[in-house]
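You will see chain A twice below: alongside chain B first, and alongside chain C after that.
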Partner chain A sequence: MDPSEVEFLAEKEMVTIVPNFSLDKIYLIGGDLGPFNPGLPVAVPVWLAINLKQRQKCRIIPPEWMDVEKLEEIREQERKEETFTPIPNPYYMELTKLLLNHASDNIPKADEIRTLVKDTWDTRIAKLRLSADSFVSQQEAHARLDNLTLMEINTIGTFLTDSLNHMYKLRTNLQPGKETGKSQDF
Partner chain B sequence: MTTESYLPVPPGVGMEENFLSLDDILLSQEKLPTRTECVFPRLGFVEKTSDTRDIPEGTKMEMPLWLSKGLYDNKRRLVSVEQPKIYRQGWRTVFSADPNVVDLHKMGPYYYGLGSQLLHFDSPENPEIAQTVLQTYIGRFRRIMDCSQNAYNEDTSALVERLDVLERCLFHTGQIGLNDFQRWEKGQASQITASNLVQNYRKRKFPDLEA
Partner chain C sequence: MAESLVEMSDSEDESQELMTPAELVTKLEEIWLNEKFSPELLENKSEIVECVMEQLNHMEENLQRVKGVDLRAGVHRMETERIRYVLSSYLRSRLQKIEKYFPHILEKEKSRAEGDPSYLSPEEFAFAKEYLANTETYLKSVALKHMPPNLQAVDLGKSVLKPNLDSFVFLRVKQRQDNILVEPETDEQREYAIDLEEGSQHLMRYRTIAPLVASGAVQLI
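Showing the complex of A and B:
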């Protein structure tokens, strides 16, 4: 999967905005988006929020987890634990990038937030690599990893599956001699 | 998203070879030290060191893998294959001590592939060879993963030169994953760029106008 595809999936998450225009309720295939009144907060998907922001028709309110203290707490917990801690939003990386690129004026302490999220990401990726390495070196058959996000899985996914395929084939060398019918399909 | 103009056939790792895979075809060109078990009449011209008309029994020759595999028979009437140096006991000890220091590219760039193919020729040391190949792979995995996932926008030739062909493929996959993610983070993933295929046609005049 592409990172852009993961970002596309992340844009379905809901975020609160404060519009400066008024519009009646709109009925979309995915659901209704409720009437827009200037000054009143309303929940919309991120793709719409970004679009309205770019046209300067709204102000984005940061989600409640996008806060310096909360993120610091999450980062510290991530560094202490050996397993993956549950994070507030399964698309934290993508949302950080989107919201901080388009709406940094609406988010207080944007740079610090960016650094904190990047630190958390680095810690989680390091844990993922450690876990992949122990998976291979002990030749386990399956592993269980809770609380991983799609973006993290996607970055390491192809590499890990390829290397495990190779390892599996090298392991079948150890059991010689069953010449099963040779067939190839592409 | 990278689109290639063709889908390359991957090599068959392990005892099978993919007929259409270019990597496997190059692998089967690797030479193995062999010894003929019977006379090969009138093929003396193949063996350049001797001038006889036939190849006598017991000659030691180097044959490519594809020829050895074709001529090898379980009852061992035609050729017998010896293992190349790196699959023998001495080197096996080196690999089990520390797989990371060995320059696998110099030891024949197809260490894993040739090691797996050697298992076709029955030899009492086959289980140990298979085990050593597997353990070497596992031992070097960590180094490959770290290198490929951390070297962004650098010259990786120093890292790659000690790797075998299979490991280079893996390294390349890891680099693609890393580069894609970094591109996305920088925001370049949504920029439209000319595709490789179109640039290869060299018919684009627009960039020339700009230059």
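Showing the complex of A and C:
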């Protein structure tokens, strides 16, 4: 899956904005939004929040977890533990990128947050690489990856499944007399 | 408008499932992801596709009537674009798989029992048959007719790749399942059973969990 498709899914998450215009309730296919009144916070999906921000029609309020102390705690815990710690939002990476790129003026200590999230991401990806390596070398048949986000899974997903499939093909071809019925793979 | 329920009729047992439009869109995204990550062509969900098309057309009609550039119309348009993207990506995945595995898919469709759900919509079936006919004609006219007469037959069922049901897939569990058998990789290992807890994510072979994907108990990610 393309990273932009993971971002597409992340854009459905709700975030609070403060509009500077007024509009009655909107009845979208996916649910109702609004009504919008200047100065009053309202929850909208990220794709709409970003669009409104780009047209200078609102101010975005950072989500609760996008806070320096919280992220520092998470980063420390991630570095200490060998397993993956649960993180506050399943789309933390995408939301950080989207909100910091378009609304950094609405988010206090934006640069620090960017660094903290990147550090946490790097630690998690390093752990993921190690566990993928041991999965392959010990020829496991099953793995449980509860606390991984979609973006992290997607980063190694295609590579991991393709290589596991190749190894399976090589392994089954070693067994004599097995009817494969396969010819060339494009 | 969002309060109205969408009726979906199930052609096999004539039952009608009522879903809100929001649930419909969520369901569309679920089948989109399942189709994307599954190594084989999944059951045809034409009811969902038709309902989504209906919603989109309905919205388009309403938008046509609104004149000028309006904030509200813009928001509706953005949403319909997003839904349209998911729908076309879903249909594109299916077409890619049909093109890749066409002899096996047509075989499966021919041999399925009367009451079983179909894998192809009528349009997809016509597409698959045409693709088969075109491939055969192409091979004949480019190579086969120049071969000695006793070698002019080609068995597409043997020469086209079968979908690899033993591929590994990532999945998230939506309904708890007990005692799923995990087959061993090497000869030294023994098979063991695991329980799939709700909300957990796993990496395993597609073959064992294929029926769970069809029933909606797990979601491929």
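Heads up, the rule we're going with is that the second predicted complex is superposed on the first by the 176 of 186 C-alpha atoms of A that agree within 3 Å, B and C clash if a C-alpha of one lies under 4 Å from a C-alpha of the other, contacts with A are read in each partner's own complex, and residues count from 1 in each chain.
As a working rule, contacts are C-beta pairs under 8 Å (C-beta built on N, C-alpha and C of every residue); 3 or more make two chains touch, one makes a residue touch a chain.
Quantities reported herein were computed from a predicted structural model and do not represent experimental measurements.
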Touched partner set for A:Ser22, first chain B, second chain C, both or neither: neither
Chain B versus chain C as contact partner of A:Leu145, first or second or both or neither: second
Partner chain in contact with A:Leu9 - chain B first, chain C second, else both or neither: second
First (chain B), second (chain C), both or neither touched by A:Thr155: first
Touching partner for A:Gln54 - first (chain B), second (chain C), both, neither: neither
Touch count on chain A, higher of chain B and chain C: C
Touched partner set for A:Thr83, first chain B, second chain C, both or neither: neither
Shared contact residues on chain A - chain B and chain C: 139, 157, 165, 171, 182, 184, 186
Of all residues in chain C, those that touch chain A in their complex: 1-2, 21-22, 24-25, 29, 36-37, 55-56, 59, 71-72, 75-76, 78-80, 82-83, 85, 89, 158-159, 161-162, 164, 166-170, 182-186, 189, 194, 199-205, 221
Touching residues (chain side chain A, partner chain B) in the complex: 2-4, 7, 97, 101, 129, 132-133, 136-137, 139, 155-159, 162-163, 165-167, 169-174, 176, 182, 184, 186
Residues on chain A engaged by chain C in the complex (per definition of touch): 1, 5, 8-9, 21, 23, 26-33, 47-48, 51, 57, 135, 139-146, 148, 150, 153, 157, 160-161, 164-165, 168, 171, 181-186
Complex contact set, residues of chain B against chain A: 1, 7, 9, 12-16, 18-20, 112, 116, 119, 126-127, 130-131, 133-134, 137-139, 141-142, 144-146, 148-149, 166, 169-170, 173-174, 176-178, 180-181, 183-185, 187, 189-190
